[in-house]
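Structures given as structure tokens follow.
In what follows, subunit A forms one complex with subunit B and a second complex with subunit C.
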Partner chain A sequence: MNFIISILFSGFAVSTLILIPWVGVGAFDLRVLFGVIVPYAAMATFFIGIIVRVIDWGKSPVPFRIPTTAGQEWSFPWIKSNPIDNPRGTGGVIVRMILEVLLFRSLFRNTRLEYRNADGGLKVDYEWEKWLWLAALAFHWSFLVIFLRHFRFFMEPIPSFVHLLDSLDGFLQMGVLPFNGLGVPCVYISDLLMLAAVTYLFFRRLYIPQVRYISLPADYFPLFLILALGLTGVLMRYFLRVDITAVKELAIGLFKFSPTVPEGIGVIFYIHLFILSVLIAYFPFSKLMHFAGVFLSPTRNLSNNNRFVRHVNPWDYPVQTHTYDEYEDEFRERMIEIGLPVEKQIEPKEEPKEEEKE
Partner chain B sequence: MYDGGKIIIGLIIGVGLLLSPFIYDAGKAAKPPAPELTEKAKEAKECVAETSYMKSSHMHLLDEWRHTVVRDGERYYKAKNGKVYYKSLQTTCLDCHSNKSKFCDQCHDYIGIDPYCWTCHIEPKENK
Partner chain C sequence: MADTPKPDELAKIDHTPPVFRGWMDTQPEIRPGIACYGSKSKDLKYVDMPNPRDWSPFDDDWKLPENWEETIHEGFKDRLGRFRSFKLFMDICVRCGACADKCHFFIGSGDPKNMPVMRAELLRSIYRKKFTVGGKLLGRLAGARELTEDALKELWYYLYQCTECRRCSLFCPYGIDMAEITIMGRELTNLVGLNIDWIAAPVANCYRTGNHLGIQPHAYKDMLDFFTDEIEDITGLRMEQDLNRKGAEILFITPSGDVFADPGTFTCMGYMMLFHYLKSLGLDITWSTYASEGGNFGYFTSHEMAKRLNAKMYAEAKRLGVKWILGGECGHMWRVLNQYMDTFNGPADFLEEPVSPITGTRFENAKTTKMTHIIEFTADLIKNNKLKLDPSRNDNLKVTFHDSCNPARGMGILEEPRYVIKNVCNNFYEMPPSTIREQTFCCGSGAGLNAGENMELRMRGGLPRANAVKFVHEKHDVNMLACICAIDRAVLPNLMEYWVPEVDVTGVHEMVANALVFEGEKKRTTDLRGEPLPGMEDEEDV
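For the complex of A and B:
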């Protein structure tokens, strides 16, 4: 699909998703629908969808360890092996998985192919390319921090780790800025980082021809959705304030299964909540499932023990065999009749002795 | 399933973490905050702006006051109803809302906010 069509399609979809709660709550006051029913439906889709997909993945056989490694395999004691990149046991796999999940190690190895003029001809170069890794790391970690910070709306009393995150993330006091608005409440670093990283990840798709070519609406749509989620959140925090005590009442009500829709929450909150609902409902059907999928990457979570552990292919069907022993059992008498050599002779049948019976 | 045990344990941990707010909140009485007005505030009947604005955006007003007072020396605020107020947290805001623990802290604690007002300003002394 042409990238302009992809972007237009995704942009149109996200704009529509913003307009739905805007009209729904703004004009028709459907607060119960957008504040209770849609979030519950989205959460149910999210959890059931994730469980179904992960179990579905678990059912696919991994018959053989796939050693896409960057290190020397363990072999002889005098050959230095790499226990993390090419682990032979569980310990190395755990370290490799931690590095992969927390630091995106395989993305760190990203290179870019380039041609360079040298000695009157073209030479192939593999350039260091760390920007994608850096932006991905910034994006995912700030998203996690933002998500955990939101626990101050989800939990009562607020756990201490939220306070800690809050004070670390918000230690910048922007009151020095020459304009009003960002002084109080304090600006969160993760907000700025996440928006910057998502914007970079979007422009990267447009800027690099190969990435632009392979980008689909399924790539642009979640990006735009997350961008819209971040922007509505930032707008709500710094510019179009809503009554956040009422917001917390609504959130706590959802988590305690006694939903309430307090008065006086601005439409922007319902837009934010609706985008989040769409994001999590879309989650199990989309590439966002890499959230669970990263833990099930066969090239990362299996040790490279092909050389010393036998892996039986689980989809081998039972082959009908007829061994020589079975053959001889079947034809032994006839073989002996025509004088063919046999491995086992026919044992003479012993007749039961009458004396012993008595 | 292949490696089913490990996958299911992982799934339970992951889903459990995501569901933790449900588990954490269950059975806890989460009372919404009820900020109390002092007698003086009740008498005055109105704040410098309407209640809904003060509820959601008082921090913006205070930020603006801080900027205009500290940088431009403008000490008077003309409210929408024409009344003029002296821009000061300690002498104007806290004059009515002298019950910090039953007014300010009610919502701030509920949402987990620790505003840095009191790193410079003096907290009101409350008669308990």
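For the complex of A and C:
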């Protein structure tokens, strides 16, 4: 299997997923299925799945405290320690985790190998490479902003933070068409950022040979899915306008557990909703679980305090060791000869030994 | 033993993996020079490890036990249930590739399966097939594959090309630690008797004689006596050491490599001289022949084996009735002591919180393990002005410092060695920031891979480290690579000879002892290596 098969498979899978609601709603008018049943099933899978996974991880204990230390440990008052990258206690761990989760601190360390072996000289460099970090940050944060902005569809009245986000996100006031007006809304920065970041994350998988080699369909599939989600959203907002009032009626109905399926919402909405449903249903079974896993990672969420706070292994069991007595029994004679102290002297059996020598 | 290619040959490395051929479709050739010899029957038998037999990885038949698949499957399941780290690291990798070019083995070999993510995927693919729904249903499309004999061989080949240095885990956004995965993977290989000789033999030795090299108690004493004579030649003072002495205040444990081969032996002489120096200031210390190993090759075998070997330290401290333990310069030893020992074999409630008898400093950071690193101990002595030092005796040295992986990324002991070095020598230069401290590069021979038959692998793995040394050698004329690790002292000389022959290797306490000015010593003309001190080149050596 190579990257072509991986991409074709993932692309085919996502295309099929787009076709399903298109045909389902467009040709067979299965609005209840795609507007109510599928979203509910997906949400249930999402929440139950995540809980099951996290509990499953949690069931495995952490027998040893194994943080990756990334700075000077706490030792003497006159040596400056690094309380965040080598945390001594919970406070440091919390800061370390916050920086990790919100700012991707470890990824920020990233460098790129530059290996040149020409003109008789070997040159190995580790160069500046923040693009992955930047794209990851742009992607995750814009995704979050877009998600929060969507609350204006789920809630009535619209919460004030959504208004605030809306105006911040849309401050460019730029029309999508060369001219403003004609009812085309202003462009959100988060939309542009997310699409750009996802596109970059896809192209780097193709472009960087090592990343291309390690990529699986499980890497392309969620990227394509998210790209499709974003594109259908953008289409709906800027080009193929749908009846927002009806959409909101459906969304609020879903969240209030009294679903209604209004008439006249365009198929594009059902495609958008279906892709979202697939994404969240796929979530608990996929690498996307990294969002929960990062909190549990023992190399990051533990303090480096093993030498002064005891850590207990819940499944610890006694093991067989080679005791000092066994050791001395084997070497006693030679230990005595060379003048090493021993626990037991050799019992006086010297005399018969003389006879044996004959 | 395979011939190691010449440096300029070996440096021709292509880091581009095949374009169209996926990794599941390539089976590596198990190559001499890269792979180590298989474990011997007698060594596995001695410590009751499964499937003892003589075997070779270069043969087609690895003499696996009948039910090896089931054994590994069961062992896998068991470990997923016992280690959250393992389970999590099997599940959450997104294959972003940040770790790919961080591994010294990938940099030095270009073998794509030496990318940490790829090495982990070798195991993950088996995990997916056995334990995940997606893997069972979709197979290869989900990155899953069967545990075949070929897959096992490939896995083995690459698990024993990882030195558990944790550099990848530093860059991973989720902290996925290849060292942890390698530890688990190696546990699995050990369930079916697939250890390497260079790990299994030291383990058996250590179990029996107390140290990896199999040095028996009388021989151990002989060696210290020999060093005592050497030291007397250099300083005119007789610096006898105590062994197995009950009632001492402190037990000293160092890797056995330090008493065995140059340049570790000079570090060992350094410890001896320091202890002698401090005797009149109130140091009451003993060595032990039973706990005569700081390192722990059991840690490269399984957690259980690590615990079995580590047990000697506390057992001996208890038997001798000491108050606390001082540990020598060693790398993985300190990861075990810092992150495992108390959990393995504690609580050491029969010991006391370490206090320096010379300065009165309490080593609060060793409150429960009761074990202090000698570099902390010495740094504290220097800070409190307890040592009379003449750093000019090391003026012939231009020193750089190699952070060993485990003290750096499994402990965080970065400043103390630098503080000590700067006080005992006048010329100190750092290597580039991306190659030191927490980003340090491995010597290429850790985690039991410091054998002789895999020299090509070691020279490849050590390339990034050597390249950084070469940089400071060319820029600042550096001629001495200092380290606080016995494996480093054993393997870096080979690495330097291969890549940067002008640079030698030393432990930090060798330089301390060179600089240490003793009351009543004769005029020193040579350093511990018997080479003339700066300005003494013309002096007659008596």
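We take it that the second predicted complex is superposed on the first by the 304 of 358 C-alpha atoms of A that agree within 3 Å, B and C clash if a C-alpha of one lies under 4 Å from a C-alpha of the other, contacts with A are read in each partner's own complex, and residues count from 1 in each chain.
Please note the rule applied: a residue touches a chain if its C-beta (ideal position, glycine included) is under 8 Å from a C-beta of that chain, and two chains touch if they have at least 3 such contacts.
On a predicted model such as this, the values are computed, not experimentally measured, just so you know.
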item	value
Which of subunit B and subunit C A:61 touches, first, second, both or neither	both
Partner chain(s) touched by A:116 [first = subunit B, second = subunit C, both, neither]	neither
Which superposed partner A:243 touches (first subunit B, second subunit C, both, neither)	first
Which superposed partner A:211 touches (first subunit B, second subunit C, both, neither)	second
Which superposed partner A:296 touches (first subunit B, second subunit C, both, neither)	both
First, second, both or neither for A:86, with subunit B first and subunit C second	second
Per-residue touch tally on subunit A - higher for subunit B or for subunit C	C
Overlapping contact positions on subunit A, where the subunit C interface meets the subunit B interface	57-62, 296
Footprint of subunit B on subunit A - complex, ascending	47, 50-51, 54-55, 57-62, 151-159, 162-163, 166-167, 173, 175, 180-181, 183-186, 241-245, 248-249, 252, 255-257, 264, 266, 292, 295-296, 314
Residue ranges of subunit A in contact with subunit C within the complex	1-5, 9, 53, 56-66, 68-76, 78-82, 85-86, 100, 104, 106-107, 109-113, 115, 117, 120, 122, 124, 126, 132, 136, 208-219, 285-287, 289-290, 293-294, 296-300, 304, 306-313, 315-316, 319-324, 327-328, 330-331, 334-335, 337-341
In the complex, subunit C residues that touch subunit A	8, 11-13, 15-25, 48, 80-88, 91-98, 100-102, 107, 112, 115, 117-118, 121, 132-134, 140-143, 166, 169-177, 180, 207-210, 216-218, 221-222, 243-246, 289-290, 303-304, 307-308, 311-312, 315-316, 319, 337-340, 342-344, 346-347, 361, 364-369, 371, 376, 379-380, 383, 408-416, 419, 432, 434-435, 437-439, 463-464, 467
Residue ranges of subunit B touching subunit A (in the complex, touch as defined)	1-4, 7-8, 10-11, 14-15, 18-19, 21-22, 24-26, 28, 30, 32-33, 52, 55-57, 59-60, 62-64, 66-67, 107, 110-116
